[in-house]
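Each chain carries a letter (A, B, C, D and E) given by its place in the written order, and its residues are counted from 1.
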Amino acid sequence: MATVEFSSLVKKYGPLEVVHSIDLAIRDGEFVVLVGPSGCGKSTCLRMLAGLEEISGGKILIDGQIVNEIEPRDRNIAMVFQDYALYPHMSVYENMAFSLQYRGFNKKEIKTRVAAAATTLGLTDLLDRRPKQLSGGQRQRVAMGRAIVRDPQVFLFDEPLSNLDAKLRGSMRIEIKKLHRRLGVTTVYVTHDQVEAMTLADRVVVMNNGRIEQVGTPEQVYHHPETLFVASFIGSPTMNLVPAEHDGTLLRLNDGSVLIRQPENKAAQPGAKMFGVRPEDVTVAEGPPPEGHSEVEVVVDVIEALGADTLVFATVAGSPFAARVPPATRLQPGASARLRFPNDKTHLFDADTGKALA
Amino acid sequence: MATVEFSSLVKKYGPLEVVHSIDLAIRDGEFVVLVGPSGCGKSTCLRMLAGLEEISGGKILIDGQIVNEIEPRDRNIAMVFQDYALYPHMSVYENMAFSLQYRGFNKKEIKTRVAAAATTLGLTDLLDRRPKQLSGGQRQRVAMGRAIVRDPQVFLFDEPLSNLDAKLRGSMRIEIKKLHRRLGVTTVYVTHDQVEAMTLADRVVVMNNGRIEQVGTPEQVYHHPETLFVASFIGSPTMNLVPAEHDGTLLRLNDGSVLIRQPENKAAQPGAKMFGVRPEDVTVAEGPPPEGHSEVEVVVDVIEALGADTLVFATVAGSPFAARVPPATRLQPGASARLRFPNDKTHLFDADTGKALA
Amino acid sequence: MSRRTRILSHITLILVSVIMLTPIYWVVKTSISGENLFTYPPSIVPHDPNLFYYVQAWYTVDFVRLFTNSLAIAVLVVVVNLVLNAMAGYALTKHFPGKGMVLGFLLASMMIPFHATIIPAYLLTAKLGLLNSKLGIALPFFSHIVCIFLFKSNFEAIPSSLVQAARLDGLSELRILTRIMLPLSRPAVATNIILSFIWSWNDFLWPLIVVRSPDQETMPLGLVSFLASFEDTTGALYAFCVLVVLPSMLVFLLAQKDFIRGLTTGATKG
Amino acid sequence: ASAKDKITLLTWNLPVYGDKIKGWIEDFHKKHPDIDVEWIDKKGTDWATFYQTQLAAGTPPDVIDVQGALWAQYAADGDMLDLTPYLKKDPDFANRFTPGALDLWQSDGKTWMVPWYFTRTLLYLNKRMMRAAGIAKAPTTFDELMADAKKMSGEGKSGFLTTNFDWLYWPLFKMNGVDILDKDMSKAAFNTPAAQKTLTALADATKSGAINNISWTGRWVEPNTAFASGNVGMYMSLSSALFWAASKAGWIDDKNVEVVNAPGGWWVPSQHGWGVSKASKHPDAAVDLIKIATSDKWQTTMASTFSILTLNKDVDKKLIANIKSEDPLKSKVLDLDQPDMSTITGYLKSAKEGRVKEAFWGAIQPALLGQTDPKAALDSAEALVNRALSRP
Amino acid sequence: MDTPSRHADDRKTAVVAQRMKKPFLSRKTRHLAFVWMLLLPALLVYFAYRAVPLAWNVVLSFSFWAPGKPIRFAGLYQYQELAFYDGIFWEVLKNTAIFMLVIPISIMLALALALLVDQKITGRNIYRTIIFLPYPMMVVAVGIVWRWLYNDNVGLINYALRSMGLISRPIAFLESYDFALAAVIAAAVWQILGFFMIIILTGLQNIPPHLYEAARIDGARAHHRFWRITLPLLRPSLFLCVILGVIASFTSFDLIYTMTNGGPGHATDLLITYIYKAAFTLSRFDYAAAMTVVMFVLFLALALLTNRLAGGDAGKVDISD
């Protein structure tokens, strides 16, 4: 176990800079998730940490020691790849034993460790199989097994679940979480799936375009997004974001209708804003609005009944607007409706800079 | 548009029977979703309907006519594949025009039809691109475009969204739904994602192991699962299913504690049962249980804060037990808690046959 | 990669390249050099370079005729190879009873050297009335197993959903082959073109037997008759060697890029 | 005939002679205007492959030009036409050849072929090297030959060289009284103490450098080039070899080179003759073509083009006389290059000649190069040759 | 063909009408017929030019026959001949085995070169092209060129060796029992090397880079990665090389034919040249047929063996999943 630190970390491919001076300190035993859209540089950061990619600028420290010039094998890290990178010509056992053979373990020790890891991950019956003969979830587990037998200082995961189907993804997520709790190894986990980020992370690092947008607990990034990007990226269905104009006292939609009367002293300055509210904070209005709530008039497009609850997709002033409501709703596609939300659950962003207005 | 009928449909691969005598009648213009775990035979059924796979037994009727011996190209159906199956060496336009060329349309007609489909799907600007130059969502849309230009009698979809990321999946789902509403073509849609099944289907066909477990509206399969399998398959997180013993009056857990006092005259016979309740029907108990509610004592394993709500994964009498609760919960992993649910939201299944007990 | 290994790699590769090129250089040099071939020590650079030997080679044999014959045969062989191999390769991607036998038959026939089949092959060609004709020369080369397998594995690498989509789009099986499979197997096509061209262009034993009249002679036969006339004592022979070898090298260089990719799927998936 | 009839003429490694052959065909057409002539030429190494394939297909070329004793096999297999009746019928045809020349192609009392061109082994002496080694006259016995060779050898120089294909080296054995086969050609006759001695001497001389080892390895170009280089004292080979060398090396002329018969006068022929395939549909026309090819007119052209004997007695006489002044060495060589049938050797008119040659040479060559023991080589050669002779 | 004015609805009825008439044959039969129709032309070529000749050889190998002569039954005579009486056959067999070293030698060199040109170094495409360049050359021409290079008097190789002071007297490579076979092998390696290199190179490029990365993290050094990742995953490519090498060894006929014609003695005679000579220069077609059959069996066994060594299933290691 160890701390990890990125200090002014830069990565260039030729003239193209894809990671722009990133700073990040990861505590010992922490589970940090790097999340962001495709191409934002998550994998690149992870691979620099693993030593698979040269560092173009800045430094990386593991356990306080600069590792820029250290070979991957000497960093004492383990990594799980998106495509698992299992050796296709080796059995599960050999795959897991592979790294131990290069670290001076004797046959018996190797056997013990592999057996232990296999038990942990429920792979005992599969040890003789080839990767080809395994299902996706089993392969994923072998990849994890290969990582844990080594007892490394740091675990790295690069979208380890994205090749699995939704159900398996859910259960593997829980297994990873349990595993981390048991082993307590510092973990850096890359994903573009915000659900994984939210559920797994001690802290979430939201990246965009080679920069860090926000670092914080899942709670913080979900409830207090610091930028428009974070707000739109975290949460599913995504936060409703509607362009609005603040005229000093009122927040108006593009069509001129009033959105909120009392924008909670957020944004003293008048100007173009983005207004946000999460679908689960939106309800179908009945009766007059209670104190501290606002309402909008929408046209319902689609109703999706998910069983546990129902999603209402609607349009307000040309922008999509969704609500997550209890299963039993009387709304019909094509009809118009009034949706309501509490003012203190709303967000306001500067339309130009994308920064949240507190 | 047409009706589709499977009659004692059987598929064998060599000695291995993978589809066991299926009967299903699909109405004209209906949107039917075949859902089930991987390998249950969904694609096989779809491919037999398309004519891509030989029928080993029984028959398939389209519009009342037996099509067993009819070539795929003469069945007038269109299909969207999981990997889109776009021709990589042709432009988007050519991809969409391709099938028309073999159906005797002249150049002008083809142009008109492709243009119309492209407008519908917002592909007009992409017509000159190659599939490689498109994003996943765009490709998906081209695949749909290719299907709709033909104006087929039946649409088939084989997991058309599973290669997209969660966000895109959501929005494409809505587009498919809109499309079906507009065109009204009989549609058979295969997926293993129960959310898609729930949101898209007029009727859901739940399959397992080459058999149909239940056919019904999303509402029916969600709220009235006829078998243990359907109960466990539909819904996310899945229904909590706990082995229980009915002694004639009381429903007891394995550890002997009483689960429900009045099992609502379901299951007069005493014996081994499976008890089920959906996580969203479970709340954290506060105060004494109200009338018609029951409670269980659980140990909390994992808390997953999804932002909009929080999942609590716990254990009761050795079985996992989950609850979906509002974001703000005080439960902590490792602690014990009391969870509560209304009796009328519970399900009871015969432990041997898996059949629901009404 | 460190600077040191890079430099070392370059040194090794340059050395190998020199070894690979030397014989080729030597022929070219000899073919344009005016010096006596028997002078010792040989000069490294051509002495008094001129094209005399090429002119001589050109006139000694009817170069244009040999070349056009060879070319016509090679084109015929390449085209028919593409058709037959692609068809057979496509058939072999399918399941049908007797497939194992067909595969075994093809593999086994690969192990019969053509040299040992000359007489029956000749008798057969005679029966077909194709002696002394371009078709007769080309016929035994009309298909090559390696290329059949190349197509097979390339086709198998094409997602089956594409084929199914095409089927639903209304294509007949044959059209699927021509409109979907072949366009998507360009590398295999390139490889097949190169290999069948090389094999057809370079073969000499078979034409030697079936060709009777000079107007059907091919380049290799020209080379052989060159040997007969001049033994290996003249620069003209080397000039002719250059002329014989040039076309197949050109074909390779032209299709090189796809050629390399074509073997890819062949090697790993087949 | 509606479709024109055709006869095929197959020559042996003479692609350059095409113009003249066209002349024959023109002459032939005067007599047979309705028969086409197809001319095919194959390189020596491919000739047999081609001919036998055609034989197998039943479509052999009508008129064939065969080298050496290869004809014997075809004659024995019944593939060839007996020309005796044609020679009998046409005295002009029969009498144009050098006396005794037809002997070369006669067996079982039949004449299978008639001569086209002829050469045989002679011994060519490099007088400059002989003088330098103090040798005044040509060797007359095998031992003298070996001794002279030894004397002339030295740094980069060797005393003796021979060509080895067919049986061209055989005079070396015959000088010591060794025959290849017994009289009725049914058994090997070469495994004698004399042969063993000869073989040992040759191997030793080769090892010492007295005999150039190209004698046993190179085939045509290599030995000729070696002699042309001027570093070889004596060269036992064909006239064509000497002329080839002379064309590459200016020093080869009548002052520097002497030509003699090998000791004992033994010689091995290397000749080409014309035969007709039995399967020919137009045997008479085929013979007519041969008559044209061997006529004074065309053989004069042949002789002057290649400086070679044609075994057409008048033509040869004229040739030797004609070049006497411009090339005395050539004239001298050709004068000596006659088929004296009393000293011929290394010529087996046997159907199994090829197999015997292959078996013998394959076993003996390693011994000559010091790879195997001479005695063992002869034993194994004898076994192989006898086996080859006994095989059907 | 439809007329332009025709409407989609008409067409639909047309399609339905078309559907009404059931196809003549069942789908299964049509499928089979189609498959065999595709295979037939190629199979015919092989049947005519491989299978029939093989059968001809088999028949001949139990007979006495020469062109023009009637055929007679010979029993096992020809096989006895090659097994017990023809020492040269065994020598030639040995030569063939040695000559087959071309395959492993070329593969090893090609592998090394493939690894070199697989690196990201400038000019790698040029190197690849240069190394491949000899392959398209006509074998007869290659033979002529190399015979010239090996010439003892004026050959470049002797010249180079002499000027480097490695030898004092020129070596007549092709006339020497010691060097001839090796010299021919060197020429053959020179020609086929580039072809193998490209096959191996493509195999290399098909190995997912992630495997190497995983191995690096796992602690495997470069040589470990080579032996434990690269080599096992290259097996299919190597198998392909062996098969192509075996086929190419038939074409070595042309090389031997022009370079040495089997000499000196039988030092460079291979089965294929020896068979050819037996048939066409000695007119022993029956005997040649017996040797052909033996050769066929040996080579087939060799191919099957390599297949087995390559892991069976034609050495398929599916890297893709």
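By our rule, contacts are C-beta pairs under 8 Å (C-beta built on N, C-alpha and C of every residue); 3 or more make two chains touch, one makes a residue touch a chain.
This is a predicted model, so every value here is computed, not measured.
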item: Required minimum of steps from chain A to chain D, each step between chains that touch; value: 2
item: Chains contacting each of chain A and chain B, listed by label; value: E
item: Chain at maximum distance from chain A, centres defined as averaged CA atoms; value: D
item: Distance from chain C to chain B - Cα centre to Cα centre, in angstrom; value: 55
item: Centroid spacing, where centroids are CA-atom means, of chain C and chain E in whole angstrom; value: 13
item: Chain centre separation (chain A, chain E; CA means) in Å; value: 54
item: Multi-partner residues of chain A (each touching 2 or more other chains); value: none
item: Residue list for chain D, restricted to those that touch at least two other chains; value: 49, 52-53, 56, 225
item: For chain C, residues that touch 2 or more chains besides their own; value: 38, 118-119, 224, 227, 232
item: Chain-chain contacts as defined at top; value: A-B, A-E, B-C, B-E, C-D, C-E, D-E
item: Touching residues (chain side chain B, partner chain E) in the complex; value: 54, 63, 65, 67, 69-71, 74-76, 103-106, 108-109, 151, 153
item: Chain E to chain A touching residues, read off their complex; value: 208, 210-211, 213-221, 224, 228-229, 232-233, 317-319, 321
item: Complex interface listing, chain A residues touching chain B; value: 165-167, 170, 173-174, 177-178, 181, 192-193, 195, 198-199, 218-219, 222-223, 234-238, 278-280, 301-302, 304-309, 311, 313, 324
item: Chain B residues within the chain C interface of the complex; value: 47, 50-52, 71-73, 77-79, 81-85, 87-89, 98-99, 102-103, 146
item: Contacting residues of chain C [partner chain E, same complex]; value: 1, 6, 9-10, 12-13, 16-17, 19-24, 26-27, 30, 37-42, 83-85, 87-88, 90-92, 94, 96-97, 102, 105-121, 124, 139-140, 142-143, 145-146, 148, 173, 177, 194, 198, 201-202, 204-205, 219-220, 223-224, 227, 232, 237-238, 241, 244-245, 248-249, 251-253, 256, 259-261, 263-264, 266-270
